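There are two complexes below, and they share chain A, which is joined by chain B in the first and by chain C in the second.
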Partner chain A sequence: MPTGKKKRKKSLRGMDNSLLEEAVGIADNRGRVVVVVEDCVETSGAFVLHHFLKRSLHPDSSDVVVFIAFAHPFSHYDRILRKMGCNLTVQRKNQRFLFLDMLTLECPDRNEREAREDGLLALYGEIEKAVEIYSSLEGSRTITIMIDDVSLMEVAANGSSNHVLDFLHYCYSLKEKYGCSFVTLNHEDIYSSANTLPLILQPEYLADVIIKAEPLATGLASDVHGQLTVLNKGSACDLGGSSSKVRNFHFRVKENNVDYFYPGTRT
Partner chain B sequence: MAETICRALRDGAMEGEHAPALTIKDTINTPLGSFVFNHMLTQLTSNILAGKSQSRGIVLVALSRPPSFYAEVLKNKGFDVSSSSKWLRVLDCYSDPLGWKNKLIESGTIRNPYEETVLKTSLCKNLKELDEVLSSIVELGKEIVEEGKGRFAVAIDSVSEILRHSSLPSVARILSHLRSHDQVSCIFCLLHVDLHEAKVASTLEYLSTMHADVEPIVQRTNEQRSTSEDLPMMEQCFKRGKFHVRFKRRNGRVRVMREELYVEGSGIKFTEVSSVDGLTAQSLVPKVQFNLELSEKERLDRAKVVLPFEHQGTGKPIQIYDGRKSLNESETEEKQASVEKPQTTEDSGRGEIIYFRDSDDEMPDSDEDPDDDLDI
Partner chain C sequence: MASSRPRGSSFSRNISSAATSQVPGVKLGPNGTSFLSSGIPDLDQILGGGFTLGSLVMVMEDPEAPHHMLLLRNFMSQGLIHKQPLLYASPEKDPRGFLGTLPSPMASKEEKSHERPADPDTNLRIAWQYMKYFGEQNSEVQRGGKAEYCNDFDLRKPLERHFYSGQQVDCISLRDSPNLAPLLERCSTFSAQITNFRSDGHITCAGRIAIQSLNSPQCDFSDKEWNMLSFIRSLKGMVRSSGAVAVISFPPSLVSPTFLKRWQHLADTLISVKAIPDEDKELAKLLTGYQDMLGLVSVHKVARINTQVPAILEATTFSMKLRKRRALVLECLNQAPVDGSSGSSYGTSGSCSGSSKTGNLDF
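Let's look at the complex of A and B:
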C-alpha cells in the first residue's frame, strides 16, 4: 500500500524526533533490524524504547510488537505511552501489542541447570508461537520484539549470562525466517568483569544499530538531560558497504515527548 | 599480504605436516573480522572453482550467521550458488544449536521454524557434543571429496560461539584433531578476542600457523569505553583497520607483516601501510569551527608578506654586520680615510675606542664565555 507508507512517513517526520529517526535510519529499510540500547545509572535509556514502541504501533501501520517486560508492569508502559498519544490497552485488544509479563518469571534455584534453561525455553516458545501466528496472518507487517531489559533477564536466569545469550541467539534466529526486528535495552555500566562482559559485547557484535545514552561530559544541566550516541553500522554488518555512520546529539525528556537537538543549538 | 594468506590456504597441507590454520581475530572497536572471514571464504572458493587449490571443497561451520547469509555473500561475489553442492557443505549450528526448536516442535508449540536456503546444509542440534560436531564436519567433507583421495577445507564462524557452550580444552582438541586429519587441507576460523580471557587467544595462536589481527587504526589511549569524545575516529573504526599478520614457518621463524584494510562496496580492500594519509589525518584533527587549512592563494599571499625585522635590501646587497669589516667596505673606507686624513689630525682631542680582535679564529659574537680560561 504505497499511499499508507507515504502517509506514515509524513507523520513520522512530524513527530519532532527526526534526529533520532534519521540517525537510526530504518524508516525505509523496514524489518530485520537489531537495535541495542545501552544506558547507565545517570541517564536512563527507557525513553528510546518508548519511542520505538510508539513508532511500531503507529495507527497507519499494521506492525506488531511483542514486548517482554522484566522491568515494569503493563500499567507503567500504558501510562507513559498514553501521554505520548498511544493507547496500549486498545492496541492489546487489537492484537497488535503482545505483552509478556515476566516480572514473576523465576527460573527455580533448586540447583538444576535445566530448570533455568526451561524457563527461558518456555519464554522463547511463547515468542516464536506468537511470531508464527502473526506472520501467518494476511498483509505484510513487521514484528518487533522488545526486551526491557536484558540485565533483569540475567537476574531471572540466576545470573547465568550464557543462558541469556543463548536465548538472545534464538530470538535473533527469528530474523531470517520471519523478518523480525529487535530492540533490547541493557545497562552498560554494570558489566565490568571478564565473566559478564560478553553479555554487553556479544549483542553489540550482532547489532545493526547501537544507541548509547550517556550523561553530558560537562556535568548536569537543567535543560539538557543527556546525550545519545547512535552507531549505525549500516549494511556494513551484513553484506559490505561502508554506509556506517555515527551521530551524537543531546536530548531533553519532556512530559509527553522528547526533544532531540545538536549540541549548542538550544540556549 | 592478504594474498599470501590466501595462497597458503590454497596450497594447503604439505606431506607429513599438519594442515595450515588461520585465526582471524578482532575486537568490538574494529568489528571487521567477519569481513576478513568472508574475503578468505570467497577467495578460497574462487581458487577451488579454478582448480588451483589443494582442497576440493569447503565445509563451512555456521555459528554466528545463518546459512542464508553466506548464500547471499557468495551470490554477491558472482558465484553460482545453485550448483554449490559440488564444493560447499554448511553445518548449520546457527538455527538450533541447543535443540530448543526441536523440543518445541515435539511439544507441538510451533510447526516449522527452520529457514530454507539454497545451500546444502546439515543441521546440528546439539552443539555441546563436540565429538558429534567433529564427526559431522568430517562426514560432510567426505561427501564433497571422492572417497579415499582429495582434501577439503574447514571454515568456522566463529569459535567464540563454540566456546560459549564448551570448554577451551575440548575446543582445542577438536581444532588439533581437524588439523591432523589427513583429508583436511586447511582451516580458518574467526574469534572475537574481547569475549574471552587472554589465554583463549593464545591457545588458538599455538594451534594455528597464521594469525591475522584486525586492530584499530589508532589505539585509544584510555581504555574506557566512552564514546562521545571521538566520533570521527569511531566512524573510521567501522570502515578501516590495521591488518596485522604473523606467519609461523616450519622452522619456528615468525614473519610479521602489516597492511591496512578498508571496507568498500561489496567487500574489503587491502592496501600498503601508509604512515598518515589524508583521510586519517583529517579525521584525527578535532572538528573545530575555524579553518586550519590554507588555500593556494592564501599560501602565495603569505609568502609575499615582508616581515618588519627582515633586511629589505632595496637593490643593494644585504650586509649583515659581523664585527669585521667586509672587503668592499674596507676599500671604500680606506679611500675615505685618505681623503679625511687632514681632518683627523685637526680633531685630535676626540676619543675613540680601538679594538683589535685576537685572531680570526674567534667567532664574532660567539656565545662562549670570554672568561672561560681564567684560573682563579
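Let's look at the complex of A and C:
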C-alpha cells in the first residue's frame, strides 16, 4: 500500500494546481478532513468542488464520493468533469461515485416539524446507508461526502437552519465512525445578520480547511478570475507551534483545469 | 447599431457562425447548451448568444422607473414571434392586457433604411474610437442570417393581435392567490407541456416564462420570504429540466439584504436596470451621449451551465438607448475624450470606463 500512496501523492503534486494542493495539504493527511468552501455572488467557488471531486476519483486511488447536489443536475457535473479528464458516468458504474439529485427535494410546506425533518432525515439515512456499504467493501478507501450548496439545503428545509445544522452534525459524526471526508460549499455573503450566522460559523469551526473564493478588489480581469484564501488549521497531530497557516493566491479557471499563482507572478 | 456592439476586439467569437439548430428561435451554443434570444440583439451579443435554455434570469428593477418592462416586453414579443409557448405572471389585475403593449418587429425594408441612414452628417463623422465603425459592415451581413433568431423591435408599434390570440399564451395574475402554490402548479404544467414536445433528448420546442415583480407588495405572499425563495428554487429546477427560460423581475429594495443575496445566488443570469436622473451634471460630463441615454443595464452574472469557466465581460454596464425613438439598443459606456492619449483600442477603453465610472452607480 505505501508505494501506491506515494505514487498518488507524486501524481497529485505533478498536477498544475499544486498551489491549492500544497495549501490544503490533504495528501499528507490520509483524507479525513472537513473542507468548507465559501464563495460569493461575484465569484463562484464551484471549481474548488470540481477539483476535489476529480482528486477523489483519481484512477490511482480507490476513494469513493457521495455527491449531494442541490445546485446542478448530473449532466452539468458530468460535462465539466469529462473536460477535466474524469468520466463520472463510468465512475458511477464502478461504484465509486454516488450522485444524489436533490434538486427537487421539497420538504412539504405544511409547517409540520416531522414533515420538514423527514426530507433531510431520509437524505441522511440514504447517505449513512451508502457510507456503510462502501466502507464494508474491501480495501482501505476514503469516502468523501460533498454538498454543492448548503444554502439551498436551507431553502429546501423551508428556512429552518437548525435542521440543516443538525443534518451537518450528523454527517460530521460519520467522520469519526467511518473516516469520511467532507467538502461543502456555501455562500458567505448570505450570512450577514446575526440570526443566520450559525450556519456559516459552526461549519467553519468544525472545518480543518476553509477555502474562500473572492473577486479581486480591483475589479474584473480576464486573466485573473479571483483570489483564493486557504486557511489550513493543521491536524491535531502536528504538535506545538502555530500549525494553522493562511495562504492567499490568485486563480484563473479554465475548462480542463485551474491555474493558481501568487499575485503578480503572472504577466 | 454598429456602435452598440459591445465587443470591439477582432478576437471575439463570431456568434453568427454558430450553427443554428432546427428549432426556430433556438441557437446552439457551446458545451451542449442552446440559446434563446432575449429580444434585444445587443443583449444577446453581450451574453454571448442570448439567454441559455434552462436558465433562470433575474432582473433587478429600478424602484423609480419601469425599465425592466422594456426587457420583459422584448423577451415576450420575441417568443411570440417564434411561436414559443409563453407563460406570463404579473401582479396586475388583468395580465392579459399587458400583451397589448408588446412591441412589434420592424419590417425588414424599414430596417434597411436604418442600416444606411441618409443623414448627411453621418458621412462627416470624426472617427475617434474608430474601431466601432469596423463592425458596421459585419453587422449588416449578420443581420441577414440572424433575422430569424432575433428581431429588432419597434417600441412604438404594438404587436399584431394574431401573435398572441392563440392557445400558447398563459396569463396569471399574482394578486389572486394568497400563496405561490397556484403559480408553481401552472409553471409545472407549462414546463411539462414543453417537455412533452421533446423527443429523445432533442429540444423541439422552447418555452418562455416571464414573471413581473414577483415580490411586489400587491401580492399577499410578498412577506413570506422563504416561500418565495423556495418557489424560485423549484422554478429553477423545473426550467433546468425542460426547454424553457424563466425571466423574473423584482424590486430588490423590497427584499431584505440577506434574502437579496440568496436570490442573486439562485439566478443563473443576473441583470439590473437603472434609470438615469435627468439632470446629473457630473455624469453628463463624464459620459458621451448622455442626453440620449434612457438608463443603464448592468450584467452581474452570466449563466454558466455545463462549464466551470466564469464569463468575464469586457464591460458590465451598458447604456440603454432608443434608436430613432423606436428600437432599444445597448451601448458600451464611452468616456468623453479628455486628453489625447487614446492609444488603446475601443474594446479596452470601453471596459475601463465601464468599470471605473459605474463603481459608484451599480453597487
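The working rule: the second predicted complex is superposed on the first by the 261 of 267 C-alpha atoms of A that agree within 3 Å, B and C clash if a C-alpha of one lies under 4 Å from a C-alpha of the other, contacts with A are read in each partner's own complex, and residues count from 1 in each chain.
By definition in this document, contacts are C-beta pairs under 8 Å (C-beta built on N, C-alpha and C of every residue); 3 or more make two chains touch, one makes a residue touch a chain.
Bear in mind that the values here come from a model prediction, so they are computed numbers and not experimental data.
In the superposition on chain A, contact of A:E176 is made with chain B only, not with chain C. Applying the stated contact rule after C-alpha superposition, one finds that A:K212 touches chain B and leaves chain C untouched.
By the document's definition of touching, of the two partners only chain B reaches A:K233; chain C does not.
By the touch criterion stated above, A:T196 is placed in contact with chain C alone, chain B being left untouched. When both complexes are overlaid on chain A, the residue A:P73 reaches chain C alone and has no touch with chain B. Listing the residues of chain A that touch chain C in their complex gives 41-44, 46-47, 50, 72-73, 75-76, 79-80, 83, 103-104, 106, 109, 151-152, 155-156, 158-159, 187, 189-193, 196, 219-222, 225, 253-255. Contact residues on chain A toward chain B in their complex (touch as defined above): 117, 121, 124-126, 128-129, 132, 162, 165-166, 169-170, 173, 176-177, 188, 194, 197-198, 201-202, 204-206, 212, 214, 217, 227, 229, 231, 233, 236-242, 244-248. Listing the residues of chain C that touch chain A in their complex gives 31-32, 181, 225-227, 229-230, 233-234, 237, 240-241, 257-258, 261-262, 264-266, 270, 300-301, 304-310, 312-313, 316, 355, 359. The part of chain B that touches chain A in the complex is made up of residues 28, 31, 34-35, 64, 66, 68-69, 72-73, 76, 94-98, 100-101, 103-104, 107, 109-111, 113-115, 160, 164-165, 192, 194-195, 197, 225-229, 231-232, 234-235, 238-239, 262-268.
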